[in-house]
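Presented sequentially are two complexes of subunit A, the first with subunit B as partner and the second with subunit C.
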Partner chain A sequence: MEFIAPSLNYAQLAPMLIVLAGALIGVLIEAFAPRASRFSSQLFITLFALVASLAALFQVRNQSSVDAAMGSVAFDGAGVLFQASILVIAILAIFLIADQENFTALAASVPGSDEEREAVQADLRVTEVFPLTLFAIAGMLLFPVASDLITLFVALEMLSLPLYLMAGLSRRRRLMSQEAALKYFLLGAFASAFFLLGIAYLYGYSGSITLSGIQESVVGGAGNDVFLLLGVAFISVGLLFKVGAVPFHAWSPDVYQGAPTAITGFMAAATKVAAFGAILRIFYVSFANAEWQWRPAMVIIAIITMVFGSVVAITQRDVKRMLAYSSIAHAGFLLAGVIALSKSGLEASIFYLFAYGVATVGAFGIVTLVRDSSGEVGDLNRWSGLGKRSPLLASTFALFLLAFAGIPLTSGFIGKFSIFSAAYESGSTSILIAGVLSSAIAAFFYIRVIVLMFFKDSVEDGTSVIIPSALTTITITVSAAVTLILGIYPAPLIDFIATTATFIR
Partner chain B sequence: MNALTTMMLLPILGSLLIAVIPSDQVLRIKQAALAVTLLVAVTGVLTWFNFDSADTAFQFVQSVEWIPSFGINYAVGVDGLSLVLILMSVLLTPIVVLAGWNESEGGRWSAKVFYILILVLETMMIGVFAATDVFLFYVIFEAMLIPVYFLIGGYGSGDRAAAAVKFLLYSLFGGLLMLASIIGLYVISGANGGHTFDIAKLSEMHNYMSSTTQNLLFLGFFIAFAIKAPLWPLHTWLPGAAASGTPGTSVLLLGVLDKVGTFGMIRFCLTLFPDASRTFTPVIITLAVISIIYGAFLAIGATDIKRLIAYTSISHFGFITMGIFAMTTQGHSGSTLYMFNHGFSTAALFIVAGWMASRRGSSKIADFGGLQRVTPVMAWSFFIAGMSSLALPGLSSFVSEFLVLVGTFTRYPVAAVIATFGIVLAALYILIPVQKALHGPTTPGNENLPDLNIREKVAIAPVMAVIIALGFYPAPLLNVINPTSAHILEVQGFTDPLPSDSAGK
Partner chain C sequence: MNPYNYLYLAALLFTIGAVGVVVRRNAIVVFMCIELMLNAANLTLVTFSRINGTLDGQVVAFFTMVVAACEVVVGLAIIVTIYRSRRSASVDDASLLKR
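For the complex of A and B:
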């Protein structure tokens, strides 16, 4: 047997490799650097890796090939856009993560133990969150460009495992945070198992694990359709779990609430881009010709997800839980882009993912600032009167909420318009109607928060808005600016996406 | 530079100017707001004189690419219909600023925010009528809810937050239905000659729709406009919003924003979906007649003077809607003129009622009495405004109400006859408060109410002048309106019923 040396296109893989290298350096820093210098060096390495990765991506933005890594990575326009979105969102999120007030002093200590108290007194910091984030980002970068199912699974695990840990790092309400992490892990492991099962069925169906190989089998129609159906169904379970679509959403409110807010923002935004990137690639590349097998089910899931997320969000009293249900509703809207199964559907999805991701990071950034003596204040009732005390912060949060609600002159509106029109163009009238109605429902709870902030008198219970650190300010400012600019003049980005976004097989 | 764009830019620049004036220089802020709105009004009048009324095409046209890949343009232009409404808007705004000089006091936020909101709203009021691109129209239609929402909720009285939310949710719901229809139109245009939002091109799309599609798309637009206008049974948001807002806000809300509903019925419902308009005409005429009578009865029973004015408006909007869907040139011209006149008579009523309420500290009709003796100028102003509202011959509303009834009678005699009772009821709902509030013995507590000061006289005088002048000589407006009305009906294939039917016998 002859051994073939793998040929890798390093330029196209560079964005991922740089992030991985950054993560490894981060691990070394944890091991060898003195405690005092860890935080600054970690922050520097992380940002440097992300910016360098973005620059490397920029170099190869016009290339496309199926052979970036022996057929395991498909490097194409859509992949570039997904990766760029993930990196931009990650940079914004890192600024929030850098505010270490949110994180436990010593992750390994038992909540309430002497060890924990000592760690707090010694002012220890969880600098390991930086390499963890980088590992997750590397997985996210790989996820939407993976073009065989094994690579896809590896990427899925690579992005998930660090996130499970990161969810448990909260400084306050640590038990809740750890419960969230455990819940996320158990359910995530379950979803991964489904995903693997799906891979097995698809292999049984097509005799291939590459997306293009499966596509050929689908077009050829020679395989056993039962295997195809089971494979699509199981793989969808794994993917829909990651984006939090109903009925695989049960983890998200608890995890959103329990995880440190900066991590929640990162997870909500970046994971969605990565997971939807993978979903779009699989369904557009492999299963497009089998649309009659999966589309009706996907339409039903999308509609249930939109309506459920919007309706349940109304009853939420905690801002992070509310945003969790809102993100479920948005997952439903984004599924409209998958169902559209057209070039305009792909473009709309990419725009929507970017716009939503940036606004989400910004919104969670603001959540980190509203605190009392025992940490962040999640209870919405205690947000009342915020507009009086800090008009700028409340206005910015209102802007993000209006973007989530899809009000014109915000990025959310352009996203909603383009994704619904793509879905309707491909014949899904029911998606359009359900989408519009659930948007109307969703408007109710977004506006309720605005009412609370601006039209209710404040309660004197020690809730206050802390002065944000410079990095947090940058994140919130940039997110708000992007949300507004993409709402008023989105043409450059839309044109760029339109010329770039393609999947190669 | 394009006249319309200039008019839209001026208030925005004005709001920036106000933003840099320190908040404590309230007088300076008010003067700046007044100066800017007067400047816009002058520009509006100049535009009026430059308008060629014989030309039925859009004039002062400007079109700039906005989001080219969706076929969206910043496109503005006016015909007789929109010019009349723009003129009304820009004339009313300085009057509102001057009449409500002290309205911003007692609000949640500073006077600065109040005037910034007013100026931003003015830009949008001009834009919403000037837009000839359906997408641009929709964006402004939705975005203008936000300043109004904050004006009612932040500066109103009574249960202002609840009223503001009800207004916003109602409007958003309608807006989202319209969005679904707009997406429908967009997709249909894509299949028939390329994506566009140009109203002229879209007005040919009804040739490519099935009648079911056309009916559904029509309903999306119509329900949004019927909420805005407001037509029974979608009117329930109006009384609360009008009663809670400051008098100035209510003038803009009832006088201008609600006109977007009736304007939209002509510009979009009739132009884009002529067949569906015909199909639904019987239903709409019925609803309009119910609005006329029902609004009048509610007004007769009202005990609060602001609510009374809101209810009279429901009745008046019934007349306008009836005139539009009668599909005769007289009905259309009458409705357009009615929109203009209603703007001024409602403005007069609301402004004077606002002065009465702020002097007395109550807006209950029962709290007034004998004002004629104490404050003769204010009482006479209210009286004339009331007479205009009940369409007394010699005052402006008479001409338009007469035209609407005549125009309706030629096609729907029964509806016209029933609607005529609305005039009788109008006498009741105006004369009862006039009698209770202005005549009779002076109610204790009212003896020392001050009469109008110079500023207030200056503010109300132009409104009175317009009401009386147009009552005697409506030709300047009708000369502009008539060609447009005839043109709109002609293009969509509506013809006036031949009078020879009765004349020949």
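For the complex of A and C:
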């Protein structure tokens, strides 16, 4: 048997390889560099890797090929857009993560022990969070461009495993943080087992593990349809879990609340882009011709997700839980783009993902700033009157909330408008009705928070807004600017997406 | 022997694992049930590899084993940390976040 050397297109793989190299260097720094210099070198390497990766991606933005890595990676316009969104969101989130005030001094120490006290006194820092973030980002970059089932599964685990650990690194309320990590891990592993079984059935159905091979079998209709149905169902469980769609959403409020806020922002924004990138690719490339098999179920899931997320968010008292339920509702809106199954649906989803991701990072950045003596203040009642004490911060938070609600002149409006019109064009009127109704419900609780901040008297219980570090300021300013610019003048980005966004088969 | 029997066996193992995840309370046992589910998926892959007459399924099974090993490392780290903090690995005790 002859052994054929694999041919790799390094230029197209470079964005992922650079991030992985940065992560490996980060591990080496962790092992060998003196403690005093670790933080600055880790931050430098991480930012350098992300910016270099973005530059490498820019070099190859107009290329497309199915042979980037022997048919395992499909490099195309949509993939470039997903990767670019993930990298931009990651750079913004890294600035938040660099504010080490949010992280435990020593992750391995038992909460409340002498060991922890000594670590805090010695001013130790969890610099290992930087390589973990880079590994997660590398997995996220691979997930939406993976074009065979092995790569898809490996990328899924590569983005998930570091996130499980990062959820448990909070500085305060450490038991809650560890509990969040445990829940995220157990439920995530449970979902990936379903994902793997889905892969097995799809392989059994078509005899091929590439997405294009599965598409050929679907078009040809040669295989056993039972296996196709089982495969689509199980693989969807794994993917819908990652985006937090109902009924696979149970983890997200707990994990959002328990994880360090910087990590929550990163996870909420970047994971959603990566997972929806993979969902869009799989459903648009492989299952498009079997739409009658999965579309009715997907429509129901999308409607339930929108309505459930919006309704339950109303009752939340904690700002991070509220944002978690809001992200569940947004997952429902984004599923409308998957169901649309058209070029305009794909474009709208990409725009929505980018706009939502940037606003999410900014919103969680603001959550890190509202504190009392024991740490962040999550209780929404204690946010009342914030607009009088810190008008700038409250106005910026209001801007993000209005973007989530989809009010005109913010990026959220353009995103919602384009995704619902794409769904309507494809004939899903029920999605449109449910979407508009749940948007109205969602607007209620977003605006309630704004009313609370600006028109209620402030409570004197030690809640204060700390002065943000320079890096956090950059994140919040850039996110707010992008949210506003995309709302007022979205044409350049929309045109760019329209010319670039295609899936190659 | 009819290779489809292995598919039934794998489906049975997967179901046992899934039921175990839902009903068992010890995090370690829950985790073992997840491993059982992964192995059931592996058995399915290898069986389909045999039925289809291609090697792809066996290759996926190898990748799965490696990924499962990584998952054990991360999972046990999290479970052991929880156990050291709480002196209990029960998933019912971890309920601070439920409101």
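As a convention for this text, the second predicted complex is superposed on the first by the 505 of 505 C-alpha atoms of A that agree within 3 Å, B and C clash if a C-alpha of one lies under 4 Å from a C-alpha of the other, contacts with A are read in each partner's own complex, and residues count from 1 in each chain.
By our rule, contacts are C-beta pairs under 8 Å (C-beta built on N, C-alpha and C of every residue); 3 or more make two chains touch, one makes a residue touch a chain.
This is a predicted model, so every value here is computed, not measured.
Of the two partner chains placed around the shared chain by superposition, neither subunit B nor subunit C is touched by A:496.
Of the two partner chains, subunit C is the only one touched by A:108; subunit B is not.
Of the two partners subunit B and subunit C, it is C that touches the larger number of subunit A residues.
When the two structures are aligned on the shared chain, A:436 is found in touch with subunit B, with no touch to subunit C. In the superposition on chain A, A:39 makes contact with neither subunit B nor subunit C. Listing the residues of subunit A that touch subunit C in their complex gives 107-108, 110-111, 149-150, 153-154, 157, 161, 164-165, 168, 174-176, 178-183, 185-186, 189-190, 193-194, 196-197, 199-201, 203-204, 207-209, 253-254, 257-258, 317-318, 321. Residues 7, 14, 17-18, 21, 27, 30-31, 34, 37-38, 40-42, 44-45, 47-49, 51-54, 56-57, 59-60, 63-64, 67, 70-71, 74-75, 77-79, 81-82, 84-86, 91, 94-99 of subunit C touch subunit A in their complex. Chain contact summary for the complex, subunit B toward subunit A: residues 65-70, 108-109, 138-140, 142-143, 146, 150, 153-154, 160-161, 164-165, 168-169, 172-173, 176-177, 179-180, 183-184, 186-187, 190. Partner subunit B is touched in their complex by these residues of subunit A: 387-388, 391, 402, 405, 407-409, 413-414, 417-418, 420-421, 424-425, 432-433, 436-437, 439-440, 443-444, 447-448, 451, 454-456, 489-491, 494-495, 498.
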